[in-house]
Amino acid sequence: MQANERTRPLRVGVAGLGRLGRRHALNLAYRVPGATLAAACSPLDGDLAWAHEAIPEARQYRDYAGLLADATVDAVWLVTPSALHAQQVVAALHAGKHVFCEKPLSLDVAECERVVDEARRFSGQQVTIGFMRRFDPSYHDAFSKLGAGAIGRPFLVRSQTCDLNDPDGFFVRFAPGSGGIFLDCTVHDIDVARWLLGKPRATRVFAAGTVALHEGLREFGDVDNGVAICEFEGGKLAMFYASRTMAHGNDTSSEVIGTAGALAIGHAPRANRVEIYDMHGMRSECTPTFFDRFEEAFLVEAQAFVAAVRAREGGETEDAAAGAGQGATLEDALEATRIGCALRESLRMGQAVTL
Amino acid sequence: MQANERTRPLRVGVAGLGRLGRRHALNLAYRVPGATLAAACSPLDGDLAWAHEAIPEARQYRDYAGLLADATVDAVWLVTPSALHAQQVVAALHAGKHVFCEKPLSLDVAECERVVDEARRFSGQQVTIGFMRRFDPSYHDAFSKLGAGAIGRPFLVRSQTCDLNDPDGFFVRFAPGSGGIFLDCTVHDIDVARWLLGKPRATRVFAAGTVALHEGLREFGDVDNGVAICEFEGGKLAMFYASRTMAHGNDTSSEVIGTAGALAIGHAPRANRVEIYDMHGMRSECTPTFFDRFEEAFLVEAQAFVAAVRAREGGETEDAAAGAGQGATLEDALEATRIGCALRESLRMGQAVTL
Amino acid sequence: MQANERTRPLRVGVAGLGRLGRRHALNLAYRVPGATLAAACSPLDGDLAWAHEAIPEARQYRDYAGLLADATVDAVWLVTPSALHAQQVVAALHAGKHVFCEKPLSLDVAECERVVDEARRFSGQQVTIGFMRRFDPSYHDAFSKLGAGAIGRPFLVRSQTCDLNDPDGFFVRFAPGSGGIFLDCTVHDIDVARWLLGKPRATRVFAAGTVALHEGLREFGDVDNGVAICEFEGGKLAMFYASRTMAHGNDTSSEVIGTAGALAIGHAPRANRVEIYDMHGMRSECTPTFFDRFEEAFLVEAQAFVAAVRAREGGETEDAAAGAGQGATLEDALEATRIGCALRESLRMGQAVTL
Amino acid sequence: MQANERTRPLRVGVAGLGRLGRRHALNLAYRVPGATLAAACSPLDGDLAWAHEAIPEARQYRDYAGLLADATVDAVWLVTPSALHAQQVVAALHAGKHVFCEKPLSLDVAECERVVDEARRFSGQQVTIGFMRRFDPSYHDAFSKLGAGAIGRPFLVRSQTCDLNDPDGFFVRFAPGSGGIFLDCTVHDIDVARWLLGKPRATRVFAAGTVALHEGLREFGDVDNGVAICEFEGGKLAMFYASRTMAHGNDTSSEVIGTAGALAIGHAPRANRVEIYDMHGMRSECTPTFFDRFEEAFLVEAQAFVAAVRAREGGETEDAAAGAGQGATLEDALEATRIGCALRESLRMGQAVTL
């Protein structure tokens, strides 16, 4: 908690008030010292009605241009549909705003590259992509231990994003726009692997998958369970697993293996510290969704963004500012998309893809 | 998170700015929607200097009378030395304030009884004693499961409060005023046992203890490791363990056993979701202090207090208001002190004590 | 496994072929190198018919005197009703046999003392009482770690014997002869506590209990859940819990706390290494009975007995011989009974009992 | 334990008395009811000297032909160098013996196929390949639960064989003959995956690897850490991980994921039921080697082999006989080798390999 902030708070405008957008909005409004939620933007009546009740202090905008034109907004927080992210990031930079953008930056590598190029011209502004696992206290602890040499040289990451099955398969409708399981889910694991392994360059990937339950995915060439291997330069490796059909909950975990030990993060997806002993044995209930699992990460992420902006304003170098936030940069987002697209291609071709 | 709070926030004044007081102050200032930290009170220069930096919005008072005289303060939050609690609660009630008071209410049963009697005259004001475990999400989950009949009829609680050893034995200095290990530590477990078992009346206790490391405790008749049994009416039982000499961290856990199952809360005091695999085996680091273990409980506790005041103001019955907060009442605090004193007496006498 | 045994095998005669007796018989017949099952004794037709099929090599006796008269039997293995143990041990010693006797030696302290006195005259013969936990690999590992100073000076043991509930309450019938829950179940924990704490002398005990499910126990002054505290000289302590009403299985565990750490043995009663993830969460099935939990201990116990006899025959001192087996001596059994009886008395009187 | 075996014991001759061979020999000699260790064969003086002491009842042979010529030997137990397995299996069949053969059958697919073809002519004789995990109680429990539909339709297996690092890299010397990490280690996981998934046909594999510590492997095209994906018909999948560089012990685990749940086997490689709490946190020591992890599996495997022979002799169909043993058949061994060779090829080529 940053308590001794005496400067004017960072005034944030949230764009997008869906389920995740509302969570970000509430965090920014009530739980991030040094920030205020100055504005909220959504084209939907329902969203604005919610905002009226839940975040009454925030000015409301129906269109993004209006939000950008609000001179009292220092930073925009994009929780909009993925297809809009890239152009909205660029527009925000042109409007002089700092930007937080939910992942993915874009499902298209070339578009990611354009944003990266464009952003080079706005080096005074903070841009962070929302790979929130980096801010989860456990992931962060593992990252720190790696830095301290706790397990020697890390060379292998195993990481998974497994969601509780939705029997209604509601997500199948969004399959066409999601980019497929590797770009929608595994992109988190790709970022984790790169982050924990020191950002090596990926050289080759292979992916496979299956439809276990949701037949509707077949027409989009998508799967509900995917596995993948990613080779990096320097002999580093990653294995990924993504699933939308878990029976027990959201089971997101990662493991990093080094020459002198290994660290596992989130191996057992226990919901809390309660254990139940009954005729079925001993059990722990599991985190149902990624919201439950990463609630604290979303909050820390917002606090870190504020700290990164402050560091930048305080004249710290870009590196220090990046360090303050430890968030994913546009370059990180580009690489995650590049690898995710290669995985999707590998799944389709049945062959390894060289990057 | 209570987000749709449209009424004027509850204006809280904190009394006491030691380590725990500061934590409460920061929560109330920045993390409890519906509350503002209006004032802070401490006789110590250092505390007020901290407040000037960390909670600049709060008016400062050097004496408690000044705080009570502040008409813009709706509720006082007592994190003062234990010996002052009882009189400060009564004074706050007379001043028309709602009261949150850290445990213990008093180390003296008669004094607790006087406060209970006095408070009966102020039924419109909320008084909550800070047994924070009731607000820990895991304890609360277990409590809910009990209510749903998950383990049949609960009849036995085992509960422990075990602190990381302080090699300097700094706490020995405070032994004379702490009331001894059972009134200082086990009082939490007593409250948990009563809460989880449906508030049965205690009928007999037995306690024993030993000095494992801190010889300085002997002159005060205190121990650094204590064990106890408490019998309740209706054949209910509790076992307690308290220690100040743990090597691995703060290990606070409870277990409730019923006729159709059992629930354990916090059995493994893991600090987070990281597991380390190295030449020493597989391990998890542990929560070092109760601050780390109960950080979220302290926050939820404050949110619940606000909700309880709101419920009361909203004309809900006392029962509903109590339910809103689920916090410990003055009567709960009296009973915890009564049992804790009996344990201390049993330790001294080497015999069971009938209540 | 002791493979290089070139001497004549130790010829063992088992007395008692109930459920546990059969298990011992099969171990001795087929799984203990250096031993042969030479004879088996039971007055029951069914037992002898079982023996005819399962252990055909063993000579059969209907009465214990016949077994003792068999000159080819080197050692007797008593798995007979508890009430017979004491006299049968003495008779075996007089007959020149080594003796293994299942716990308890006797429910009567004076009778235990008579056996101890008598046995002093037969110092060349091995007598081991079957506290099998000492031979469980995990208990043994903890014992070794204690000896190596892993947790400093141990001063507190918490230990429990909790059985899966038998809804038929079949065991209620045996309540009159079992000595009650503390002499039947806790006696194991008493032995564990003494063993792990270095055999200190008990000075005071307190016990309490409740009938959670099996009302039929009340007429015998027994309970189905009992808790107890035992104080030893030198400031050492033990806490015990015994239950016959567990919903999840046999949950036998112990914990020893020292000045520099703690060891837990069997904290989670998992049946094996399988974890199940389904709509109820993550779970492990539990060991249903003590047979399942201690199957290996019963086998190691028998191997250790053979080694102890061999060590004795090899001219090693009594101490070395005892070390070879690490089994409980008659003196250990006497102390366990003495403490167990005091617990029973404390339960009845509602007061602490000084030993 | 099969205790009511009244027929003549199965007389087994062990070939190969290295570390694993000795363990099998001792099991067969002392711990498998219904079997006797009739003979032992090794060309090495040291082995035979060991046998003289440890298994004195076994006749000794220096050459395999002598063992086969021993008419009192019913079954041979091959724990010889892998390069000899195929020819020794065939020779044993021609000599009329039942055969147990340690894995791998052969590193060469064509040779495996020749053995399969040849063995078809000896349908009255039992041949089992030593994939011992099938007999580990936890793996077996998972297999049974799958059969009972506990997790719906299984479609994905993740399985790993990770060995404690040998800092001396002694195994590098054997790299030329081991077939590489996938044929030496992953072959177990391949068999587990096929077994748990219902023996689907593999269609495509991809493998990658790295040398983390043992540079000497590079000249043989081998790695000390390998990862792989295997696709099966029907949309079934497997992911494999093999390592020779673990810091914490032998970490062998598997997981099977189905449409209604998942089962994990051996997720935490705890050595026993002891947990240590000290300044480093909470920890469990790990199984150092596969001997420690699978000690019981090796024993059950031998018992199951005897049962399979008995079932066969008792006129049961081949299927029933196979069921009795549940051991891997020659066909299973062929498939494991086929997939393992494809993984090795994929590692070398950097491309997926279609089977």
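All chains are identified by letter, namely A, B, C and D, in their written order; residue positions are counted from 1 within each chain.
Methods note: a contact is a pair of C-beta atoms (placed from the backbone, for glycine too) under 8 Å apart; a residue touches a chain by one contact, two chains touch by 3 or more.
To keep track of the chains, here are their UniProt names: A, B, C, D = Scyllo-inositol 2-dehydrogenase (NAD(+)).
Source: prediction; values computed, not measured.
Colleague: Could you run down the chains that neighbour subunit C and subunit D together?
Modeller: Chains that touch both subunit C and subunit D, as defined above, are A, B.
Colleague: How short can a path of touching chains from subunit B to subunit D be, counted in steps?
Modeller: Minimum step count, subunit B to subunit D: 1.
Colleague: Among the chains, which has its CA centre at the largest distance from subunit D's?
Modeller: Looking at centroid distances, B is the chain farthest away.
Colleague: Quick one: report the Å distance separating subunit A from subunit C, using the average Cα coordinate of each chain.
Modeller: 56
Colleague: If you average the CA atoms of subunit A and of subunit D, how far apart do the two points sit, in angstrom?
Modeller: 42
Colleague: State, to the nearest whole Å, the distance from the C-alpha centre of subunit A to the C-alpha centre of subunit B.
Modeller: From the centre of subunit A to the centre of subunit B is 37 Å.
Colleague: Could you say which residues in subunit A touch two or more other chains, in rising order?
Modeller: Only 151, 246-248, 260-262, 267, 271, 276-279 qualify.
Colleague: Using the touch rule from the top, collect the residues of subunit B that touch subunit D in their complex.
Modeller: Residue list for subunit B touching subunit D: 246-249, 251, 268-271, 276-286.
Colleague: Residues of subunit B touching subunit C in their complex?
Modeller: My answer: residues 151-153, 155-156, 158, 204, 206, 208-213, 225, 227-229, 231, 235-237, 239, 241, 243, 245-248, 257, 259-262, 267, 350-352.
Colleague: For subunit C, which residues are in contact with subunit D within the complex?
Modeller: Answer in residue numbers: 1, 3-4, 6, 26, 29-31, 33, 53-56, 137-138, 141-142, 145, 150-151, 260-267, 271-279.
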